[in-house]
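The two complexes that follow have chain A in common; it is paired with chain B in the first and with chain C in the second.
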Partner chain A sequence: MHNPGSRHDGHPASDFSVAADEVTCQQFVELVTDYFEDALPPRALSHVEEHLVMCDWCLTYVEQMQATVDSLRKLKDRSSREPSDSLLATLRAKKAAGE
Partner chain B sequence: MIAYKFLRSGRTGPFSGFQWPEPGEWVHANRHMAACRRGIHACRIIDLPWWLADELWEIELDGRVQVDEHKVFAPAGRLRAQIERWTPACAQEYADACAWRAHERAMQALARAGHTSAAGELAACKTLDDVLLLARDLAEATPDTEISLTIARDGAFRALTGAPPTAAYIAAHAAMRLDGPAAYAAERSWQSRWLAEQLGLSTHG
Partner chain C sequence: MPADQAIAGAPAAMSDEHIVAALRAGDERTFRELFERSYPMMKRVARGYVASDAVAEEIVQDTWMAIVTGIERFEGRSALGTWMFSILTNQAKTHGARERRALPFSSITPADVEAPAVDPDRFQRDDQAWPGHWATPPRPWQKPERRLLSLEAREQLKEALAQLPERQRLIVVLRDIEGLSAEEVCDLLRLSQENQRVLLHRGRSRVRALLEEYLDGADA
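What follows is the complex of A and B.
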C-alpha cells in the first residue's frame, strides 16, 4: 500500500522496479549468448522472449547479433573450402619450375 | 482447446521463424521441431498482452494441453482463422488506451502526494502529445512524483511512436509503481479484457 509519509510516489523503486518474471535489458544482454546457443532453460527462454516482444532495442540487438553470426558462419564456410583446381595447378606448376 | 496465437506477418513464428501452413493443416511439434522446443505454444485471453505481434490467429490445440507462465502449449495445433479485427489501427488504439492508463496513474500519484493543482493540470491533457510535454515539466516541478510522471511520459512516447507492447508494459509498471505487484497483475488483466472485448474474442481461450 501507499505510504503517505514516503518521499516517493508509491513504493521505493527498489522494492519492485521489475516484476519477478521479467528480464531487464541488462540481464538480457547477459543471456543473449545462451539464447543464440539454445541453451536457456525453458523458464528463462520464456522470459527472454517476453522481453523481446516489448523491447525493440533488444530486438534490434538480437537482429544485429544474428546478422553477425550469419556473416561469420559464411566466412567460416568459405575459408574451409578446398583450394580451386586452377590454384592447385598454378602451385604445382610453380613447384615443378622450382620457384 | 481453442486458444490464440500471435504471429508475424505471413503466418511466421515470431521467435522460431516457423512458417505456419494454411489454416486447417495440423502442425505436430515432434515433426516440426522448429515450431517450438516444447510444443505448440498459444495464448489464453489472459496471456495476450505478453505476446503481441502483427497477426492474431485462433488456434486449435490437440493432445495434452499444459499451462505455463503466460502461455499454454500442446503437442499439436492448427490455425483456424485469423482475427481480422487485430489490425495496426486496433493495435494503436490499444497502445493509446494503455498510455492513458499510465497517465491516470501519474494523476493519482500527484494527488496522493498533495499536488492537486498539478494533478488537475495533468487531467486536463487532451492528447498524448500534451501528456508528453506536461509530464516532463511536472516531473521537474514535483521531484517526489518524478518516477510516476516519467513513466506516464514514456507511455505516451511509446504509444505515439507506435509500440503497443511497450506502452502496455509501461502501463503495468505505472500501476505497480503506485500500488505494488497486485496492481501490475490487475493492469495486465485489464489489458487482456480490453483486447478480448475489442477483438470479439470468446472466453473459451
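What follows is the complex of A and C.
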C-alpha cells in the first residue's frame, strides 16, 4: 500500500507544491481520462506513469475508472423493437403517394 | 464507422443519399433495417432525458415519425445522422420538460459541470504532511467484473447516468455504452476533442464516485 511516510521519505511536504516534475494524487485523478485517451503530452505522460509506479492508491483509482468504463460498456442494450403501426402506416402512405 | 452512420444505424455501404432516397420513397425494408439498428442507441440517449424506458421508447417512435415525415425537407446541409440526432434530442427534451413539470422539484439534479473528479476533502490539505495526496484513498473493489454485472449494480449505473448533466451523459452514453470513437462524438455534438475529453472525464469520474459509494456501502 502507498505510504507517504516511507515511499516519499526525504521529501518535505513543501516540495510537492514547488516541484513541477511531480504530480500530486489530487492532480493525478484529473489526468486519468487524458491518460486513457492517449491525449497526454509526453511530459505529463511520464509524470503520470512515474506517479503510478509510486502510488498504489492512484493505481487503485485507475483500476476503478477502468472498471467503471467496462461496466458501462456492458449496459449496451441490443434489444430491438418494432416500428409502431402509425409509423409504418405513414411510410406506406409515402410509398403510395410516390407511385 | 462515421458518426452519422452510427446514429442512422446504416451499414457502412449505405450512403446518406441512398438512405434519404429510400425513406422518401417509403422503402419499408430499408426503413426497418435502419429502425432496428438505431433503436438501442436512440433509446439509450432518450432514456437520459426521461424517467422510464416506456417514455424513452415512445420518444424513439416519435423521432422516427418526425424523420419519416420530415425527410422531404432534409437538405443535406448537415450529415443525415447529425440531423436525425438533433431531432432525437429535441424530442427527448420536449418529453423531459413535460415530465419534469409533473415531478417534485427535488428530483431535478443540479448540473455540477465544474465539479472535481474526486471530493477535495479526500486529499490532504496544504497544512498537512503530504498536501494533495490521498487522505481517504480509494479501497480496491473486490471482483468488480462480477459485482458490477448484478442487476442491482446495473440499476445503480443507470441511476448514476441519469444524474449526470446532459452533455456529460450524452458523451458517456455515446462513448462508453454505444462504443463510438472520440472523433465520431465530436462530429455529432460539434465539440472540440478537448471539450469532449473534459466532459467525458467529468461524466466518468462522477459515475465512478457513485459506484464507489455503492460498492463501499455494500462492503460495509
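Everything that follows uses one rule, which is that the second predicted complex is superposed on the first by the 58 of 99 C-alpha atoms of A that agree within 3 Å, B and C clash if a C-alpha of one lies under 4 Å from a C-alpha of the other, contacts with A are read in each partner's own complex, and residues count from 1 in each chain.
In this section, a residue touches a chain if its C-beta (ideal position, glycine included) is under 8 Å from a C-beta of that chain, and two chains touch if they have at least 3 such contacts.
Predicted, not measured: the structure shown is a model, and the values here were computed from it.
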item: Partner touching more residues of chain A, whether chain B or chain C; value: C
item: First (chain B), second (chain C), both or neither touched by A:Pro42; value: first
item: First, second, both or neither for A:Ala96, with chain B first and chain C second; value: second
item: First, second, both or neither for A:Glu50, with chain B first and chain C second; value: first
item: Which superposed partner A:Asp21 touches (first chain B, second chain C, both, neither); value: first
item: Which superposed partner A:Thr33 touches (first chain B, second chain C, both, neither); value: second
item: Set intersection of chain A contacts, chain C complex versus chain B complex; value: 2, 4, 8, 13, 16, 55
item: Interface residues, chain A side, partner chain C - complex; value: 2, 4, 8, 13, 16-17, 24-27, 29-30, 32-34, 37, 39, 55, 57-58, 60-61, 63-65, 67-81, 83-84, 86-88, 90-98
item: Contacting residues of chain B [partner chain A, same complex]; value: 14-15, 37-38, 50-53, 68-71, 109-110, 112-113, 144-148, 163, 165-166, 168-169, 172, 176-181, 184
item: Touching residues on chain A, where the partner in the complex is chain B; value: 1-2, 4, 7-11, 13, 15-16, 19-21, 38, 42-43, 45-46, 49-50, 52-56
item: Residue ranges of chain C in contact with chain A within the complex; value: 23-28, 31-32, 35-36, 39-40, 43-44, 57, 60-61, 64-65, 68-69, 116-118, 120, 123, 126, 128-134, 137-141, 144-145, 148-149, 153-154, 157-158, 172, 176-179, 182, 193, 197, 200-201, 204-205, 207-208, 211-212
